[in-house]
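Per-chain numbering from 1; labels A, B, C and D assigned in written order.
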Amino acid sequence: WSPHVAHELITTANSLVNPRGKGIYATDESPNVMQALFDGVPLNNHEERVWSEAENRERRKKWRECAYKAVPSEYISGVILYAETLIDFGLGPILADKGVIPGVRANGELMPIPSSPSEFIVEGLDGLLGRLQAARAAGARFSKWRVPIACTSKERGLPTQTALELQAETLGRYAAMSQKAGLVPIVEPDVEFSEDADLARSVEVHEKAITLIYERMKAYNVLLEGSIIKPSFPQPGLKNQNRGQYKPEDIALATATVIARSVPGSVPGVAFLSGGLPPALATHYLAALNALINSSKPPSLFSRLPPLTFSFGRALQGDALKEWVKGNENETRSLLQKWSKVCWQSACGVVPS
Amino acid sequence: WSPHVAHELITTANSLVNPRGKGIYATDESPNVMQALFDGVPLNNHEERVWSEAENRERRKKWRECAYKAVPSEYISGVILYAETLIDFGLGPILADKGVIPGVRANGELMPIPSSPSEFIVEGLDGLLGRLQAARAAGARFSKWRVPIACTSKERGLPTQTALELQAETLGRYAAMSQKAGLVPIVEPDVEFSEDADLARSVEVHEKAITLIYERMKAYNVLLEGSIIKPSFPQPGLKNQNRGQYKPEDIALATATVIARSVPGSVPGVAFLSGGLPPALATHYLAALNALINSSKPPSLFSRLPPLTFSFGRALQGDALKEWVKGNENETRSLLQKWSKVCWQSACGVVPS
Amino acid sequence: WSPHVAHELITTANSLVNPRGKGIYATDESPNVMQALFDGVPLNNHEERVWSEAENRERRKKWRECAYKAVPSEYISGVILYAETLIDFGLGPILADKGVIPGVRANGELMPIPSSPSEFIVEGLDGLLGRLQAARAAGARFSKWRVPIACTSKERGLPTQTALELQAETLGRYAAMSQKAGLVPIVEPDVEFSEDADLARSVEVHEKAITLIYERMKAYNVLLEGSIIKPSFPQPGLKNQNRGQYKPEDIALATATVIARSVPGSVPGVAFLSGGLPPALATHYLAALNALINSSKPPSLFSRLPPLTFSFGRALQGDALKEWVKGNENETRSLLQKWSKVCWQSACGVVPS
Amino acid sequence: WSPHVAHELITTANSLVNPRGKGIYATDESPNVMQALFDGVPLNNHEERVWSEAENRERRKKWRECAYKAVPSEYISGVILYAETLIDFGLGPILADKGVIPGVRANGELMPIPSSPSEFIVEGLDGLLGRLQAARAAGARFSKWRVPIACTSKERGLPTQTALELQAETLGRYAAMSQKAGLVPIVEPDVEFSEDADLARSVEVHEKAITLIYERMKAYNVLLEGSIIKPSFPQPGLKNQNRGQYKPEDIALATATVIARSVPGSVPGVAFLSGGLPPALATHYLAALNALINSSKPPSLFSRLPPLTFSFGRALQGDALKEWVKGNENETRSLLQKWSKVCWQSACGVVPS
């Protein structure tokens, strides 16, 4: 590493998770997903409206513009953009001008593993360096790559060892390419909670997955000090009958344990994903986790954890989007600001009463 | 595996290397490389001729057509086509009609590994399944993926462990995808001989690389019985001062040892690449190897090796191409047939006198 | 490897499995197990006899002497001795004098893995080199190390990945030490069939275990050409409800497939263990396997497998021991010779009618 | 883990490295090494004295007794005993009575790896659980296992990948057994500095070795929160020509970087070994390291490192031993106390002026 490049990567990575409380706004939905979100908002007048491709593109751009202008830089450190938003729409400067760091989603789409079709290869490594360099030229300073990790009970046997190795290898190569392009890599292992795993199993899978990821990142000589991780919260699956018995405090303890065991101390911060969690639950988990940290005094292990913050999409923008679709721009802005503050408070450890 | 698919894969794989002596003609040069080969033929009249893109495309098509029509099916079991030749030019049926199996090159281009820039990632995994399915629809029954493996003296330290693991992982995923598309995978670990490695080092690197490749192919549940390997011959590097001291018999012994140690018995055959070797040397190595096999009687290990044949490009077509560029179609055909027979004889163990 | 040592190891390994049909007689029961075998023979007179330690020791010696004198060298290539028999009793020369190769059991006792107490570490690596050198001085020319491998249905989850890696690592180190002491290593992965695994699961576990073992043997630079493997037959577990539906021909096909996929061609031979199988069944499996080989003509994969023979204990000596305990030495000898011939016939592919 | 056992392991591990400044006194020399240390002290009168085995044993006991009585519990948290001292001499209670935790050396002797004879297997796994249980019964509450790791320049190629994997596997199994016996494991990767490695190479080898060790400890389900690591300081080798150019501050920075990258946050503390370093240098390195920590404020990575203390032998007792051999018990005690305080100050970050 040249000292200059290393210094920039380390500075950017630290800026994404400091000062404590600030976190990341994830807006990297693909056009199709964005469309589905627009369509999902029930309109008052029950009219059916049909949009052309060009109109849809314009809508995506307008929505992003509105949201990025509203993003409060005292709560939000960075925003993850889809390549279209960054490069075609050129919206990075709106963020950068007010001190919010733009980043880019780097991963492509999913493809089933032939030997285990309910697990997925993430595409996007072909031609990656060029795409990342283009993103940097358009203002990005970090990138993000998500890998899904299936998680069932031990009896049902997912994830397979091969899939865990595959995801770790992919993230290791991606992270090395990202740093080569001058972008802080955010590795995102998203352990699913849709199945029957109990909490202990989810903890075990998180630990294994994250440990393997850092093993491969080291193999590719990634500068850990200039990288971030975006993990899921360990939690029982939706089909696990005991899911209801766990409180946010239990999730917090499990999460802190996983991070302490598997994320190297040289990683400057952790920004959790909210995935399919309802916004109130995601922020509650995060708040309980940070409250646990606040109550942990040296020499407790948890007093030594790095900043634990958010990298949320739906939790931040869900309510705002509904208003925007209905044409209420003022409400859109104020809801986005309200939820940004809620997330910031959670990352500071303020548990909702 | 459905019994039907497994049976077809196994039958095709066996047909590529049996009856003994038959081998594969590799014509998977990219358009740029093909262009360079055309341009490399010195013309009698010293005229400089400039070709348009469309003319070049037509030339590639004509050359392939001429070659494929000339290919003798008593010596050649299969031909590896570049996707353009197979799909755009639609030349597979010329081969299939006379019992020669068409295949497709599946791998993409090279990209340096950020942490070790003289070693290379092979691109092409994104969207692979779709491309392979299209190749099958166009008549292909096998595919091929080449990975380059650097090889220096131990002191100079290549290949790195990370690169070996990367190449094995790539080939494992490719092979699984290929079989899912109904194509026999030919994995091609091409250990370079341009550096200072001695023969023992080349042997060591071949063994390590091939062992890791099969480890990953098994992890992805590849049906080894329906796959082929296309390795290089272990040999001292061109910068190794003792390279000149080794005879084809020494290369043959080293090669047989490597294959016995690292290729599982369930693989139906081995088709060596000629790489940068002069045609006479490549065929001499292959002949010496098969002569060694012929002289090995049970219970000798070497008597139990699978068919060891060729998957040659330059060695087969180099002389013919020169005539074709000069417009001599008859000589083109007869040279291609002559060299096909030479390769077949080598794979039968007939050492040139 | 010095050429002299390598040559001796290779010659010995080949002598253990050639000419085809010859196999190994395993007599490496520990004193306690030997005692249990003696005690298990019901005596005619219903008398209870109590033996002192010294008397028991003398019995063990007498039994071994009787058996070794009876061993027919046309059917038996080598005998595995317990260290006491080889070193304290000095019985190796009885065998060596008639051309039967003496070997020694090298592994120690079992110890549960703390994180998975129904799987076991095999002790015996401490001080191993010295013990092996002593065995060689007493006439041994090969050694053997057994590792047990648990095998349940996938749902019940055994073996663990950690246990498979542990056993492979142990065998890799053992084999390297054995060759350093001048003894051909026989690695014995004994996949259990006491649980609920079906045939496909047993095949999968055999393949994984054996593949990992050779990966580690290569890591320790073991000369595969001077080594032997003693695997179990893949088969459904005793608690699997479909166990009864499989015929010896099914076991034979599964076994040949496993060997072709996982044992490198450079290994000169395979000598199966009988484990807890009744003698008639063990010999039937072996006979069906070799009959399958006999019916496989080139280029069939199975025509290229190495010699597949036996390394049996109970199957060879069970009947003979009963007579010896009763004092009938002539019957002892003739039963041992009879069963040696049965095993030899099985290894030649003669299926019992 | 039963909550009771886990709690005790965690409490003991924390007590070994807290409050900050307290560290471990290593007295686990084998009798032969102890003898050499006694003999190494030049006596005034130049008399040659010959000791019987029984006298030597008595001397070892007397020396230990004197030292343990003098150990100041305000600076020393624990003492590592050789099994003879703990079990035969029964000296644990002297320490326990004043609040110093007794531990036991668990590893055995070294044996060259056959494929790489300048690297070493550490013996001692056979029968380990029983020995550790006996140590616990004699008062031990922790144990320690040292593995040596060769370290040359990359060109000279040590350590080998196989040796790194071997040492990690050994430590993983040991640590699991130690916790099963109720003893906190201290894993000691001792990267040698006798060769030509430069600082960057030593850092690389430390990171690789420690990362692999925790990978295997996790595979064996070791409770990291109830374990300690005793690593070496990364440093250029004695044969590296630039060794003299590095100051303790450089070593401190390299050390902090290695720990942050490779020791999981869930490990409660790090106790460095002094190895062959002169006492003044070992304490200087430790002091510079802790001074760096003291100057690192949040959110600096180094502000989040766990306690970094000492586990020294020679540095603590070297001077005292000389006086004891000469019969000066008062000076012995005061020197041991003086050096205990020096070590404690170093672990607090007081750099010697």
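Here, a residue touches a chain if its C-beta (ideal position, glycine included) is under 8 Å from a C-beta of that chain, and two chains touch if they have at least 3 such contacts.
What you see is a predicted model, and the numbers here were worked out from it, not measured in a lab.
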Could you pull out the chain whose C-alpha mean position is farthest off from that of chain A?
-> C
For chain C and chain D, let me know how many angstrom lie between their CA-based centres, rounded off.
-> 43
Euclidean distance of C-alpha centroids - chain B vs chain C, Å | 41
Could you state the distance in Å from the CA-based centre of chain B to that of chain D?
-> 54
By the touch definition above, chain A meets two or more other chains at residues 161
If you connect every pair of chains that touch, what shape comes out? Choose line, ring, star, complete or other.
-> complete
Could you please specify the touching residues of chain D with respect to chain B in the complex?
-> 154-157, 161
Contact residues on chain A for chain B in the complex?
-> 108, 111, 113-115, 121, 123-127, 129, 161-162, 165-166, 169, 173, 176-177, 179-180, 219-221
Touching residues (chain side chain D, partner chain A) in the complex | 14, 17-20, 207-208, 211, 214-215, 218, 224-225, 257, 259-266, 268, 299, 301, 304-307
